[in-house]
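First subunit A sits with subunit B, and in the next complex the same chain sits with subunit C.
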Partner chain A sequence: MPEAVNPERNPENPILIIGGGPAGLEAAKGIAELGYKAVIVEKANVLGGTPILSSYAALTPDFRSAEDAMGEMIAAVQRPEVDIHLGSQVTAVSGQAGAFDLTVTSAVDGPTQVQAGAAIIATGFQHFDPGRETQQYGYYEHDDVITLVDLERMLKAEQVVRPSNGEPPKRLCFIQCVGSRDRQIGNEYCSKVCCGVAAKESIEVRKLLPDCKVFIFYIDMRMYGYWENEIYWPSQEKYKVNYVKGIATEIVKKGDHLIVRGEDTTMGRPMEVPMDIVVLSVGMEPSEGTKQMAAMFGAEVNKYKFIETVGGALNTVQTSVEGVLACGAATGPADIEDSISSASAAAMKAIAVVRKTAMGVS
Partner chain B sequence: MASQRNVEPERIIEKEHVIQDGMDISGHWNRMFEQRVIWDFTPELLEKVGAVEGGESLEGCYQCAQCIPACPVNTVGDYGPRRIYRRVQTGMDLFESPDLWQCTTCMNCLRVCPKEVDMMKIMPAVRQEALLAGNVPPELQEVFENTLEYGNPMGESPKKRAAWAKKAADDVPLMKDKKTADLLWFVECYPSYHPRGVDASVALARVLKVLDIDYGILGQEEKCSCDSQRLAGESGLFEEMAEHNLKMFKRYKVRKVMVTDPHALNAFRKEYPALGGKFETIHYTTLLAPRMSELAMKNDLGIKVTFHDPCYLGRHNGEYEAPRDMLKAIPGVDLIEMGRCREQSYCCGGGGGGMWLDGFMSGHVSMRLSEERVTEAVETGADVLAVCCPYEVSRFEDAVKSTGNEGKLVVKDIIELVTESMGSAQ
Partner chain C sequence: MPTLDLSGRNYRDVPYEQKERLFEEVKADMRFDDYLHGCYDCGICVAACPSARFYDFSPRKIAQTVSREDVDLFYLFLNDSVWDCSQCFSCDVCPRKNSPGGLITLMREVAVKNGLASAQEALEGYGRVVYKIMATGTQVSPDMLQDNAFPDWGPHVKDISKNLETWRRALPPETLHTTETSWQVDDKTITELYLIWHMTGVMDMIKEVDEGLFMILQDVMEERLEEAGYDDISFD
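Now for the complex of A and B:
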């Protein structure tokens, strides 16, 4: 039986975390709390990830301010066990589980050599670009066609107006499943969060603009778990948001309005509904960072280029490379709750790698 | 409401001749289509329902459609809460729509509704507003007026309310003579006036006497319990009738009331307490079921019987066993259940004002609900359709005739079967 080694005496074996969003921050915090060392490498110049970089107003489903929530997470990693490299990227990697050698390159200060016992890829997602492959909904044609992300920015500024004329909208709708569940686009998966985010934003719009009628056109509302009664039901029952089954086929401009053309499937009849603002509920795709890090570490990706986890239902964070874990939306669409949970799982498994290495066991 | 097709025939315009600048340019191109309405989502109309106290839950419908197969009106028509929601959302003003008057408040939709959209609250609330606006089917208006003037929906003389008792073999004691009794029998309107209701009342009076139950009736001092009028939108009338009945109950210090009518049971249990009525109410089947062995039922009836659960006894008030226990205790009764029974029971069409809306409903359904139910009863092969709600004897007897099933099926109150088995009174 090999002699146990106190991991705190192995400063050369921190755990590398790539990405400083919700998942990366949670992993770093967990690692530090257990007395191990973490190195966060974040491409942007700030921590907080997409909720901060995309100016989210409030989180789903609890309406907590994104700045506030991320601020709490960022504060939790301001401790000696966590080394933070902002404006930096991992540009080279070699070695193996227990002893990775990495080059971390800062845009300002140039390359640094970092050693790590394990790595956690927490590079997240990017929002689907609704003009990427098809102009079906005219995102780049009509000023008043926006995305969930654009509306989030407006909500944060507490000013929801039609981009075309600066007037508050009288009728606003969401179109669900834009960029998700679509074989032609290549994203066959459900992005999980858009139903909840649309319902959350619909409530916020109704609160901000009580005279604005709000509609959500959907295929099926996917409000799993508590989101059902936390956001979906209140949006309908308390905030009078109208849900109509059947997403629109196209948007045409008519005078001052956008006409949403589709079929109302519960009534089995065509619909042509005038709107002032159309919000496209865009889904998730792997971020550039996720694709780059998967390639750099040689981790397998699935057909959508999200990082493949290899443990099936029983291990949701192990990549195809030993000593390399992945969590959050780098492995597929995930909300913040899911990301936090998988980050903790990745932290635990990364520590196991480091500890086993230190103890000389496999 | 007609189904909305893309092109309605009335929206096709075709001129025989088109003269333009003095020149006849007629041809097949004369046919034109009116542009369809595009502004047809109307959250305002949903909010209008939601703004009425009691109407709020309609806005919670999320279109799962479980209510549609459960709705008895939809079986013979085009109806149900989900459809009402969608029609309102797409332009129907419920306050002015025929859809407002088709619901029988049978509660089968609420039984299956995950969002608790409650037609038992929505319908009376919106109907009340429609009444105030003078929008009410005339046949229902007549019933409201009768109830107000005579204390019963049929417009019968209030002085004759206890006249049925003369047909009973035994004395039917009046509270005004007795002053006090263990039990007040609230006879209600149809059992007092309708000939077939009277048959059941006479039978019940006999059984109460045999069991030596100390009871009295109010006779002329009784007025309609009015629960169906309440559900049809007349809450003011309901309160006026309740005030009168409660005054009588107080006068005789009534502690326990037995009803023949499940609608009265519902009113007394659920509505009267808020108006100051503190007393126990029991349906006659619940009272008698445990005492059937005390009756000398000597005749073996040798009949197959199927039983119709009244909506307001079963779903609304949870009593499914007592009527069945009574039937099973009668010698020679072979009880066969219909497919739709107990919690899933079909509706006779009489609740929530439906009792008085058959004329109106004929324009909206392919057959009466009672006819649909009688057809189901006949399919079981039963000789007798047993009932224990006074609306049902008349409704189902009419339906037996109109569906051509005379001679195949007879409709009887359970209590009539009991006295048949007891044989002629000596």
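Now for the complex of A and C:
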């Protein structure tokens, strides 16, 4: 027999969502659709998260315009149940599951007090900075060494050119696993999306510049599920992208070109190949927001500073703090599909917290 | 560009444009798209390949090279590795549904059609076999098991050919107690075979690799075809 609703508790307490990227937007939409209230706190002045802030062109694997897809998600949260604080951060937290008291500080309007029954941390990731730990690939040294993110911006502008001279490249390569799967750097994990993104970008480059030869130097190509036949195979079979198993050891400048040195492992021979543009397939690291919010809520993080989920395979969104859920890339590398799925799970569990509190059950 | 000769065989290096032309000829074959999709470099074809156990031969490297459009390496294999394949198609186990063996078929055909010296050399020992199959329509007969005909079969071929009669009689089925023939092929079949050799360009290929053999076959075939009423057929 359920206990009676405790009138001391406020059943109207909204659910706080920190982060307005794909995960945060999906969580807010789910909560609103079920008739509950959500408060989104987003540090940037726009919604959409990294796909918008980093000017993604097309999403992996379906090539849908990032702006279009995020636009649809943003439109879905424009409803009375969702209160949106842009240019704002959570600066203080007290209370517990069912009744958190928060200070939300706007860069323009100053602090506001917000009450929430549960919190969802959807603060995402940041791209690995290839110049931070090591200058191995000369990202800050050679103009024509760029990252997946830089290329994404060029693809969005539909103008892929060598930064050094503004000319379209005739030979372009990707180097996979930059900042991932690397004990030297400390990021031992796989960032999950870079293989798919590189394959997707390789197709886009070949479409835009049919005369440009494209190579992908890899350790393993991790094209799980349908990414295999949707992007990997077409890039190789239809768009003739060359996949070479072997990671470059260094990039040197020679005249007008970059020389990529590595081993062509399956052919069993060393290689030194000239390139016009080298794209570093940078992985994911926890964003500043993820690290800050974990500290503020006292949620445990793993050794890489992503938020730890405590339910193993059976609960992918519960943090070490009751009433605090995490989703998307705040808990580790995730693509948009993963983020959307975990956001829905987090929304459902956050609603359960609010309902249980309102009904006075545990 | 100096090329790497893995085999010890010698062949002539040619300008890049010529290698590219040969490569394009392979790609232009209508079977090409069925034989090569993309290569995982996984090696399942090598694991399944009997030749790879005996020779420095890798169907993977051939699929990979053509897939990557590495024209220099393609030319190297065209002159060398493709002749190490026994065309058994065990490599058709490929998860991408490639057929490295099929690719090798195309490469061999291009090598032969273009009269590559390496192809002539590789096929040198097989003149009698080709003659036998093309002229009589029967398989290799036991009396052809001589060391000069099959230089790559090893020294035991010589021992066998010395006492062939005895060896054959030691085999249990009586039908194998023959050294000269395998089976009789009737006139109609032979005529049809000659027409097939003619119409599919096989005779043109023979002409490129072995002029002498071509002339012998030409005499035999033209004569029989004429008798069968095809007097307008000429192999020239």
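Assume the second predicted complex is superposed on the first by the 350 of 362 C-alpha atoms of A that agree within 3 Å, B and C clash if a C-alpha of one lies under 4 Å from a C-alpha of the other, contacts with A are read in each partner's own complex, and residues count from 1 in each chain.
Here, contacts are C-beta pairs under 8 Å (C-beta built on N, C-alpha and C of every residue); 3 or more make two chains touch, one makes a residue touch a chain.
Everything numeric in this text was worked out from a predicted model, so none of it was measured.
Taken together in the superposed arrangement on subunit A, subunit B and subunit C clash.
In the overlay built on the shared chain, the residue A:Glu272 is in contact with subunit B alone; subunit C does not reach it.
Residue contacts after overlaying the shared chain place A:Gln78 against neither subunit B nor subunit C. Look at A:Ile259: by the touch rule set out above, it reaches subunit B but stays clear of subunit C.
Of the two partner chains, neither subunit B nor subunit C is touched by A:Asn229. Looking at the shared chain after the overlay, A:Asn165 reaches neither subunit B nor subunit C.
By the touch criterion defined above, A:Lys245 reaches both subunit B and subunit C. In the superposed pair of complexes, A:Glu237 makes contact with subunit B and with subunit C alike.
When subunit B and subunit C are set side by side, the one touching more residues of subunit A is B.
Using the contact criterion defined above for the overlaid structures, shared-chain residue A:Asn315 touches neither subunit B nor subunit C, since it reaches no partner. Residues 233, 236-237, 240, 242-245, 266-267 of subunit A are contacted both by subunit B in one complex and by subunit C in the other. On subunit C, the positions that touch subunit A within their shared complex are 37-39, 41, 43, 60-61, 64, 67-69, 73, 96.
Contact residues on subunit A toward subunit B in their complex (touch as defined above): 213, 215, 221, 232-233, 236-237, 240, 242-245, 259, 264, 266-267, 269-274. Partner subunit C is touched in their complex by these residues of subunit A: 233, 236-237, 240, 242-245, 266-267. Put simply, subunit B touches subunit A in their complex at residues 4-6, 36, 38-41, 43, 46-47, 50, 56, 59-60, 62-63, 86, 89-90, 115.
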